[in-house]
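Reading through the structure tokens given below for one structure.
Order of writing sets the labels: A, B, C and D. Residues in every chain begin at 1.
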Amino acid sequence: MIPTPISRIPVAVLGATGAVGQKFLALLVDHPWFEVAAVAASERSVGMRYGDRVQWREPTSLPAAIAALTIQPAAPPLPAGIVFSALDADIAGSIEQAFAAAGAIVVSNARNHRMDPDIPLIVPEINADHLDLLSRQRANRPWSGAIVANPNCSTAGLALVLGCLHRRWPVDRVFVSTMQAVSGAGYPGVPSLDILDNVIPYIAGEEEKIERETRKILGRLVDGQVHAPELTLSAHANRVPVLDGHTEAVSIGFTEPPGVDAVHEALSDFPDQWGVAELPSSPNPPIVVDPRPDRPQPRLDRTQGQGMSVTVGRIRPCPLLDIRLTLVVHNTVRGAAGLAIQDAELLVARGLIP
Amino acid sequence: MIPTPISRIPVAVLGATGAVGQKFLALLVDHPWFEVAAVAASERSVGMRYGDRVQWREPTSLPAAIAALTIQPAAPPLPAGIVFSALDADIAGSIEQAFAAAGAIVVSNARNHRMDPDIPLIVPEINADHLDLLSRQRANRPWSGAIVANPNCSTAGLALVLGCLHRRWPVDRVFVSTMQAVSGAGYPGVPSLDILDNVIPYIAGEEEKIERETRKILGRLVDGQVHAPELTLSAHANRVPVLDGHTEAVSIGFTEPPGVDAVHEALSDFPDQWGVAELPSSPNPPIVVDPRPDRPQPRLDRTQGQGMSVTVGRIRPCPLLDIRLTLVVHNTVRGAAGLAIQDAELLVARGLIP
Amino acid sequence: MIPTPISRIPVAVLGATGAVGQKFLALLVDHPWFEVAAVAASERSVGMRYGDRVQWREPTSLPAAIAALTIQPAAPPLPAGIVFSALDADIAGSIEQAFAAAGAIVVSNARNHRMDPDIPLIVPEINADHLDLLSRQRANRPWSGAIVANPNCSTAGLALVLGCLHRRWPVDRVFVSTMQAVSGAGYPGVPSLDILDNVIPYIAGEEEKIERETRKILGRLVDGQVHAPELTLSAHANRVPVLDGHTEAVSIGFTEPPGVDAVHEALSDFPDQWGVAELPSSPNPPIVVDPRPDRPQPRLDRTQGQGMSVTVGRIRPCPLLDIRLTLVVHNTVRGAAGLAIQDAELLVARGLIP
Amino acid sequence: MIPTPISRIPVAVLGATGAVGQKFLALLVDHPWFEVAAVAASERSVGMRYGDRVQWREPTSLPAAIAALTIQPAAPPLPAGIVFSALDADIAGSIEQAFAAAGAIVVSNARNHRMDPDIPLIVPEINADHLDLLSRQRANRPWSGAIVANPNCSTAGLALVLGCLHRRWPVDRVFVSTMQAVSGAGYPGVPSLDILDNVIPYIAGEEEKIERETRKILGRLVDGQVHAPELTLSAHANRVPVLDGHTEAVSIGFTEPPGVDAVHEALSDFPDQWGVAELPSSPNPPIVVDPRPDRPQPRLDRTQGQGMSVTVGRIRPCPLLDIRLTLVVHNTVRGAAGLAIQDAELLVARGLIP
């Protein structure tokens, strides 16, 4: 049983005017544990009222309390114990370090620190134990705070599914071809002239991230170090004319292959190994298995579990590896802001927030 | 040097009012060798003027000479030596056999006979020699005519690329994840409510067709029999909101893997093994290799070579197999009507039309 | 104060497997006053379990209680006091009459009876008083039940806005150019090949319906007869690649023109003339006025008020008439099933359900 | 009979790397009268090879001769008698004036000078005579060159249709609601997150341009001055998810209204009042009238006359004004680069190029 914090914990959002920043705020409204105490953005926005500056694009309306906040600089101190970073990668690195040095717990959606050996890269249902890296991090680094990262959007969905299977039947080979939504590129992001009636078979850096980050998440923590599994991934990343929800066609090879039914059952009945099912943002179930022949589909399935469940379908034998399936993950919820919030909840539940 | 027929050969199109039928007619206008002499369709259209009956959907305008034709029943005899079949699979089988029995050369886009051991399944650049199956076919079957098939639309593009490589470096393992255009489902086909802002990760029967037909096309003809190669394919078929042009993400394993540069060169410089480059519908080159990092794209590349070239890009190493690449094929031209016409041209050039 | 019914009223949905029928069911789940007691569909579905027969397409999941219902024939009797008709117009007329003859209260989304002089065509906020036509209807017709109609989807939004203004400043000339979502055509409806990268400037019968039905709704009921206003409308109906939500560009002429600010205020502060604001499906406010220069937009505004609010923006002077504005209406909620349910609630509140 | 220039006239394109600039170059390849002698762009591109700098987005391939050009500064002198301006409005004004001062003939697609009383705003079929403003322009202005403007993209289509009718039956009231393609906003232009599954009912400045420019084009030139007609327009401008081709729903009032058939005939049989039909870019006919009930449609009709014809359909009575119709105009050809080239051809034919 996870204890509920007595009073709501003040949190800040860095990069609050961007697409991911807005998604953070939309998800934090009425959060049972967290309260948005500060929003930060770039120089030219500092000092303005958030509601006057932001071009709010979420379907839910901007809450008055957040609209009334004055935009702060993205630098410590901010009146918040947890700092969510929705910063662009070109500036995120040093800013996040500065906050950690100032004692803040940073949960970052940026790619900068994901592969650092002492930074936990967390999907709670899979590797909540990797939070133990924090003691090594604090020993290594000149800070009393911490940085925790969440993986890239395609990886978030893939690692949840693979991680669930890998526990029981080690996975050693994976082929994945993604069909990614335009919201993954932020705003303004993908020009309509590029994507209407089209597919773009390239997303800079994406394939490498999927191949690298998945291995870290599935790794075993031994003596304060993550040991990646014997696992080879090959990713093809594609952009398609879809607003939200990444679709991934996946073939999986195992060292000792289970049958289709066993895979179906393992995914449907995902055991809560790390006691994270009661976190406020944890979906129940984490993975929805849909037996219909033409599912999952991003428009119809992206909002399963308020966007935090991954939907899997078309589980069938693979002529080349062992099992084929398709998954859909909501790229800005489970794949970004929602996952970072779930990570922060995990930190709270583990008593890692000062 | 391929001799040009002295006078244009009369051809007929079965299923002429449907989407593929219309594409046949659009491509046959001003064809140097062929002349549309008859159009055939279902019972309820017979006897009507084609121009009055058809809901013409091609971007080019319907030629007056074709509009003026009276729709015939889809049964022999028709005043044509070559009969193109754009019939639905549920009726194509017996009708095509009836035409062959009546002495016609049927070139079929339907799936019914593709896997029959004595029916050539032809992509001219790859396996023009498989036409030798016709002598066996005529020995086996109660007909003086013939049936020649073209493969399904995704296979047409894949087999061209794999076939080119397979000649030099035997291919033994292939992953392919397709992102297929809605025109592949005919008209009315995919409802807009199903595909706007969406991906459908399922096309009935498509994966099996890709896996099966590719192996037949790449097979070796020995003693009047096609021997499929030692090749395992795994296909994931998806529908995306694109009008025309299938995109395919492909990973390829070889028994003796070439490097990226060798693959690039082999595809760019496709040798004309069977002397088919001068057929009127043969594109030059058959495969366009585009080195730009974000190509090929269906909207920008589908009309290469008037829709008969396949465009390949993103040739790079595959961590799991050997080589990864992306291809775009115009599904209704190279993948259907255009290929059938090219097949018919090959028959003429080989003197196989009575 | 509207009294809440003591126990939930059993209702039936005719045409329950179609797109509008499914929307009815999705909206009736957990309805405080109504309980789905029966579903009816065409011959070939009768006797089957609803959950086995329907291709459920709503984003919310199909409730088990409804899935378990056995499909009934679309003929009386059904165990329901209120019968919602989502039938196609080619069969709706006589079936709805049969139900009325059998004593049922039919609330119909079909066009068949909308313009009958003794059939109320209701948008509750505008013309709840037109329900008085029911006494005339029962006098005229061989039935103890009743038929009440809701207008076509584009009209539903337009009539709400015009009706609000017309009360204070009689409207005498209206231009409207619609950009309608594909869901307005039902399922399968508009083929994707017709609408991707395209606009279709024609929807059969739609312009006439908008011009005719709007005048009836804005009419005054005198001596049991609706007198249409001195109002001329000109409609241009267009289909665009949008899933849900009709957008309408409207120019309005008045006999005594108000200013832009007065229009803004009148729409924002819509007086509840008929005491309908407390009906369970009545949105609050009925009309949302958005002052941002580029709103309303169908994707962002269609779900205002759970799809029952109409959003208005761009209120500005018209060089030709007096006022220009743009509105967005959710075509399957406010424009179809949601409005019919609101109409039924009105009947209950008025004590018109036996 | 228009005399063909003996040798090709060298032309320059300003803003050559942008979307409209690329369209100019694509249309000028193989132009019988013009030869691209120089391309100019902003500071940061100057000195680079055009083929290395441009992100070529036209479907036709970039010609080698143009790719090899070195990018010049957008300042005189350039080795060209005619200078096409595809510059952004924020810089176009002074640059175009500098070229005119240096003796060049500038044909501009920018909005800056369109409404200047001494700048001809030309749609050749309608107001070729307005070129007589050039003598006044040269008298007024400190230059021996000239500036000629083409109207905004929506106006180009509307003015062609209205101008044709206005000649015979003066038009006094027009309502127009546009559904505009994303290419009208240039590149990167409209973000895909804004337009997928959506309509944006606002394009900054567009309605004013349509209302203003149409009146100037339809004006009568008397004593070196354009007198706008007694014509009131009301425009609603909307952006829709279409790549190319603006669709416009138009209602027209006349001082002496013709019937539907007369309008049909007048548009179909557009008399060549100004002897411009033989200009290389003049389409034949300028207006295509399509009698099918659901035409014109942008995807199917935008390429009529190589993009220079306007397609009109749905001619029918208007309950409020006199006639309703729908038109489709290719916004980047007839509505921008193609029209500017046709304007330049007109200047050549009139002997106005030094």
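What we mean here is this: contacts are C-beta pairs under 8 Å (C-beta built on N, C-alpha and C of every residue); 3 or more make two chains touch, one makes a residue touch a chain.
Every value quoted in this text rests on a predicted model; they were computed, and no experiment measured them.
Undergrad: What is the chain whose Cα centroid lies farthest from the Cα centroid of chain A?
TA: Of all chains, D has its centre farthest from that of chain A.
Undergrad: Which pair wins on C-beta contacts, A-C or A-D?
TA: Contact tally favours A-D.
Undergrad: Need the CA-centroid distance for the pair chain A / chain C, whole Å please.
TA: That pair's centroid distance is 41 Å.
Undergrad: State, to the nearest whole Å, the distance from the C-alpha centre of chain A to the C-alpha centre of chain D.
TA: 48
Undergrad: Give the residues of chain A touching no fewer than two other chains, as numbers and ranges.
TA: 57, 196-197, 241-243, 300
Undergrad: Considering the complex alone, what residue numbers of chain B touch chain C?
TA: 19, 57, 182-183, 187-197, 241-243
Undergrad: For the complex, give me every residue of chain C touching chain D.
TA: 173-175, 177, 179, 196-202, 204, 211, 232-234, 236, 238, 240-243, 247, 249, 251, 293-300, 313-314, 318-321, 324, 326
Undergrad: Considering only the defined contacts, which chain D positions touch chain B in the complex?
TA: On the chain D side, the touching residues are 57, 59, 196-197, 300, 303.
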